[in-house]
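Two complexes come next, and they have one chain in common, chain A, joined by chain B in the first and chain C in the second.
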Partner chain A sequence: MSRSSPHDFDVLVLGGGPAGMVSAITASQHGLSVGLIDEQAEAGGQIWRAPWAASSGKDASPEVRDGHKMRETLARSNVSCLFGRRIWSVTDQYRVEVLGADGVETYQAPHLIVALGAHERVIPFPGWTLPGVMGLAAATIMLKAHGLAPPKDWVLAGVGPLLAAVAAGYARKGHPPKAIIDLSGPSDWLATLPSLASRPGLFKQGVGWVVSILSSRIPIYFRHAIRRAEGQDRIAACVIGPVDQDGHRVAGPELSLDCDALMIGNGLVPGGEVPRLLGANQVYQHELGGWIPDCDRYGRTSLKHLYAIGDGAGIRGGAVACSAGQLAGLAVAHDAGFIDAASFARQSVQPLTENQKLAAFSAAMAHMIRLRPAQVASISPEAVICRCEDVTRQDLVCAAKAGARDVNQLKHFTRCGMGPCQGRMCGDIAAEILAQEHQVSRQAVGYWTARPPLRPISLQSMLGRFEYSDIPIPKPAPL
Partner chain B sequence: MSTLHDLIVIGGGINGATTALFAARGGMDVVVVDRGPLCREASGVNAGTLTMQMTRVALIPYALRAHQMWATAREWLGHDVGVVVCDGLSLAFTEQEAELLTFRAGKRREAGAPITLITGQQALQIEPGLSDKALLAGHCRVDGYANAYLTGLAFRTALLDAGVTLMENNPATDIQQTSSGFEVVTNQGPVRAKRVVIAGGVWIEEMMGWLGIDLPIKTLVNQLAVTERIPTAMRTVVGIANGLLSLKQYHHGTVVIGGGWQGVGSRDGGACSLLPERLVGNIRLACHAIPALKNARLARAWTGFEAETRDALPAVGPIPGITNAYVIGSIHSGYTSGPYLAKLLADQILGREPDLPLFPIDRLLTPEPHAQG
Partner chain C sequence: MVSAFTRILANHHELVHFNVDGVDCVAPAGEPLATSLLAAGYLMLRQSPNQHTPRGAFCLMGVCQECAIHVDGQIAQACMTPVRAGMDVQLRGVV
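The block that comes next holds the complex of A and B.
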């Protein structure tokens, strides 16, 4: 792993979604050598995910068209695309370890832009771990990348714009859900309309979704949430019940819907592991999805030459991610001495203005998918919170009573978050439960210490070819 | 005027917590202050190994008694901390390692550790998960492991039951000597006691400085890793001759990989980080010993501090020149031996004659003797 020059690039960009692609292209346009790393075979991230070659392209959505356009720009740029590589470690002086088809590789650069996106927030209910229950992100991948049809009887549940996008997307392909269970009410949707005024394109898209959903005559249960999923070896039915606008259970009839699949999404949690791993300052911003790195408007974190942008730095959506990418690309060009202060200021005006225009809409969408504390308060005691380690809400409550006051202590007391997902699935909810138990703020219970590997990797893949004599065994401990 | 406690313990790790527990059970009114929650540093993040084969020779008599304490933790601590007593194997893969192992096992056996030397084939009988590449193995029946992350939960309950006042998340910043004893300055205000125990792990150097004592402490940054849950791959604690590997599989299926490979970081704050090539080195060694580990995925890797005095032997005993002040730390195999040494210190504080001698720090306060070859 030794190399003559420590630096492979002027800047490394982690994550090939909108924020990462745009920042990489921008930095490259200003003369920096750029390495763009992503786990997928192609750039695009979740929102611009590249459709599988054989899937039908005739009804390409605006996202698909934007994604293709940006991939073409990327291909014409000087950015070195390091795709198909899973990032497992990021350490000081921006050394990045990846696992690719040829094994472990190391890349290093004096500047690092982190644009690793968000992950789904799961609000657990009894039965959520049954086969057949899946997240909306997975549903989106099936839809966008593979054009796969869901099982015949499937139910869509959760909150936010992704709900409408997935419903409309599948309805257009002739596979509408059996029912839509929406935590929001019509008034919540109407409340977002003013913010859409600045986004005519999105308004049109939204209208398209509504038309698709209405013309498919899908029953919509507003102000309802999943109470539990039932079934032996896989989901056979889901039971829904009414809630108020905060997600509190309210009186009213429960309804059981037979189904083969349940696709559910309750918003997004910023994936801020890399800045956390490196020790960048974090702030808790409830409306932006939770803990995020403390950044200036160019994405500069508290650590020198570390930038964080896109949904991983706060849930703001794909459009903001693009202008944030431009800003971070410009900032890194400036900070690395490739453009002067005047040029940096001049070129930042347009993306800063764009961000300002987008702010109202992005805030309205983020507000819609925010965590409602009452949703968490309504989770039943027997519901599994940490599915890697089989830890229930009741286990967490007991640990809080036994004196666990911060989330890392909670992890020690219960093993919650110790599994291969490292708490990405359960972290937000476990922290909320702990804060509610002690009646303190989310800031007071903290966040889980980030640890490598950033994603699980097999020991075999880390080993490479070696002889016993190659292992640099340190000198013996004193006797 | 705030309460005058009989004893204040600064640092709620395994050393401080055990000292506090036995002092309180001996009738003292004890307060523990810690800058964080109990046992959240080295005591909570170490590999949990309870072995004789990585223990320093001088500590073997203590480690054997401490092992007995761990094995019966439920009786004196009230919680079993997931302790499993099992066989331990220390492997030699080369002629050179076999020579080292023979020498080291011999010295440890002389000190009382029941270690026997067996062939690689015999080791395979004891541990079918082992690679067939071992030439020689040290075999010890007194071995095992605990779930280190449960230590805080266990001690928290025990200390509260014993009537100890816990002041967690309350950093101490200074100690003043007063006519009645000591006043410890903490974030939550001064805490007064007749006696003080400094048990702050890698931070005891700074704490000793508050009393005007210069006790240099080296900080090790040990790397550790754990796999996801896998089917049974091993049933013993496995190490190698020079001590740079420790492996064991917990009942829930995860395998903890340790051995003290060094990461980077400082006790003065900031993020500690693992050196990826050393993690790979440690994992190569682990897979060389237990080949089935290759099929596992790495779930997590982390670092934890270990404190070391200049002679790598413990600092446990009264603080010279200051009546009623004590220190405990840098025990080396601290998690294994800590509870017994802390119990001895509690005996001394309670005015009882300890069963085995402590490790007074006078030897560490003189100018360093000539460096050893």
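The block that comes next holds the complex of A and C.
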């Protein structure tokens, strides 16, 4: 059997994005033995994702450069980097089961920091399952890490700062989108300006994006959204239409745009399944992306020695994730007895102040990419909500009428969320549809029950390789 | 004429051959398979199991499972799988 014995660390950190990396480095600097686990081959998460092939430093984006810098700091630290490992189970006393190249491994630590980030929210429309329709976050991964440009006729749609970042990034590489479909209007963008005052670096970056977009003469359709995508085996066109500031469809001409690809994103949903699986208290915070673990400002959850930070604990962005990482690293060092209360208080001042400074900007961005209930109300009945199981909005509405009151009942009625993505792509939208059908709060419809395996893994890889003779045969019972 | 996904990252990795449903393809070693497939014009990777609608890579971060295909006889997410020489890729619905 390839199952190894538990490895012991003082703290395990799940997720190697900004929050996870910084918390691991901080805890390690205070003398704790730290294991940092991530599915990717290198640390960085999504925002600091490492290009798969070495890119020249010259044209690297600020995010890629920040990522390289932090990866260097990590390499110089005493943190044990356990990368290329898929986390599939987390149990009490913080026993973490992973699947790596050498099969299943178990790691254990009395303290656990969960920094597993967020995933993308895409408001469904008919045709969003067609090949060539991809997420906005996927577009940033293609741009920054995979090194791929969409076909010449491609359309960019959705909401938030990623729209501008992706449009400008591809325009600079000579692959601008043929149109930008922005749910926001110019007034929404202007409203974020005051919050940028405290972030001169970001302001400069934002101005650079605007210059790139304007000089590429990309048509921008403000206050528009995708109504449907059309095509046979891949997208051939998308139809756009006007919306109001809440994303509700309004009267006005529809426009069909021929395209070979559509990149679309409507914000981020915190991926809080590990704290949920362990039973940490959850709160619904609409402006922070949805259900998140209830945490203090150091990332301590309701469970002893369980910490949750980064976008998985509420959408606040990469900069806040860094100071949250510092705070959680310090809190673990304090709670595990490596630093005293005075030292903890003294060292927390700087990251707490930093967080306060960042709060206005991160709140403005989170507000921009918040879920608009009216946009969900506008989803057509025939649109697929659960991609894995082909469950449509109409199916969900029927289940609600038939008596499904919470999301787990909805799942049992329709199989929505039962496919291999385990409800990550549809969960937020399905819950919103159910809440709207019953005219109740999101709290009232709840969230999916989290269960292992947290990600699909094959039974074969879970069991490992073994011979017939390895199977223990119990002694026969005495006659 | 349908335009294609194109590579924009300069890299000096060795080009390797792999096959997709028996067709020979070339990509730099180590490139994420989802990228290699898009660059080779394979947008449709599978059909959904219930309605049999065409599907392709969607999230590129290992979440959506839309790019789960057969690689060397095992189910693998193309976006999480680096290309290796001699890889045998089969596009048939697996999830």
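Quick note on the criterion: the second predicted complex is superposed on the first by the 455 of 479 C-alpha atoms of A that agree within 3 Å, B and C clash if a C-alpha of one lies under 4 Å from a C-alpha of the other, contacts with A are read in each partner's own complex, and residues count from 1 in each chain.
Here is the rule we go by: a contact is a pair of C-beta atoms (placed from the backbone, for glycine too) under 8 Å apart; a residue touches a chain by one contact, two chains touch by 3 or more.
The structure displayed is predicted, hence computed values, not measured ones.
Contact with both chain B and chain C is seen for A:420 once the two complexes are overlaid on the shared chain. Touch criterion not met for A:379: it reaches neither chain B nor chain C.
Judged by the touch definition given at the top, the superposed model places A:456 against both chain B and chain C.
When the two complexes are overlaid on their common chain A, residue A:132 makes contact with chain C while staying clear of chain B. Look at A:46: by the touch rule set out above, it reaches chain C but stays clear of chain B. After overlaying the two complexes on the shared chain, residue contacts for A:146 are found with chain C alone; chain B is out of touch. By the touch criterion defined above, A:261 lies against chain C but remains apart from chain B after alignment on the C-alpha atoms of chain A.
Once the two complexes are laid over each other on the shared chain, residue contacts for A:89 go to chain B alone; chain C is not touched. Of the two partner chains placed by superposition, only chain B is touched by A:475; chain C is not. Common to the chain B-facing and chain C-facing surfaces of chain A are residues 419-420, 456, 458. Interface residues of chain C, counted against chain A in their complex, comprise 2-13, 28, 30-32, 34-35, 38-39, 43-45, 48-51, 53-66, 68, 74-75, 80, 82, 95.
Interface residues of chain A facing chain C in the complex, by the touch rule stated above, are 39, 41, 46, 51-56, 119-120, 129-135, 137-138, 141-142, 146-153, 173, 175, 232-234, 260-261, 384, 387-390, 419-421, 424-425, 455-456, 458.
By the touch rule above, chain B contacts chain A in their complex via residues 37, 40, 44, 54, 56-57, 93-94, 100, 104, 107, 133, 149-150, 152-153, 156-157, 168-169, 226-229, 240-244, 252, 260-262, 264, 270-271, 273-281, 283-288, 293-302, 312.
Looking at the complex, you find that chain A touches chain B at residues 1, 88-89, 91-92, 95, 97, 104, 106, 277-279, 399, 402-406, 408-409, 411-413, 415, 418-420, 422, 449, 451-453, 456-460, 462-464, 466, 468, 470-479.
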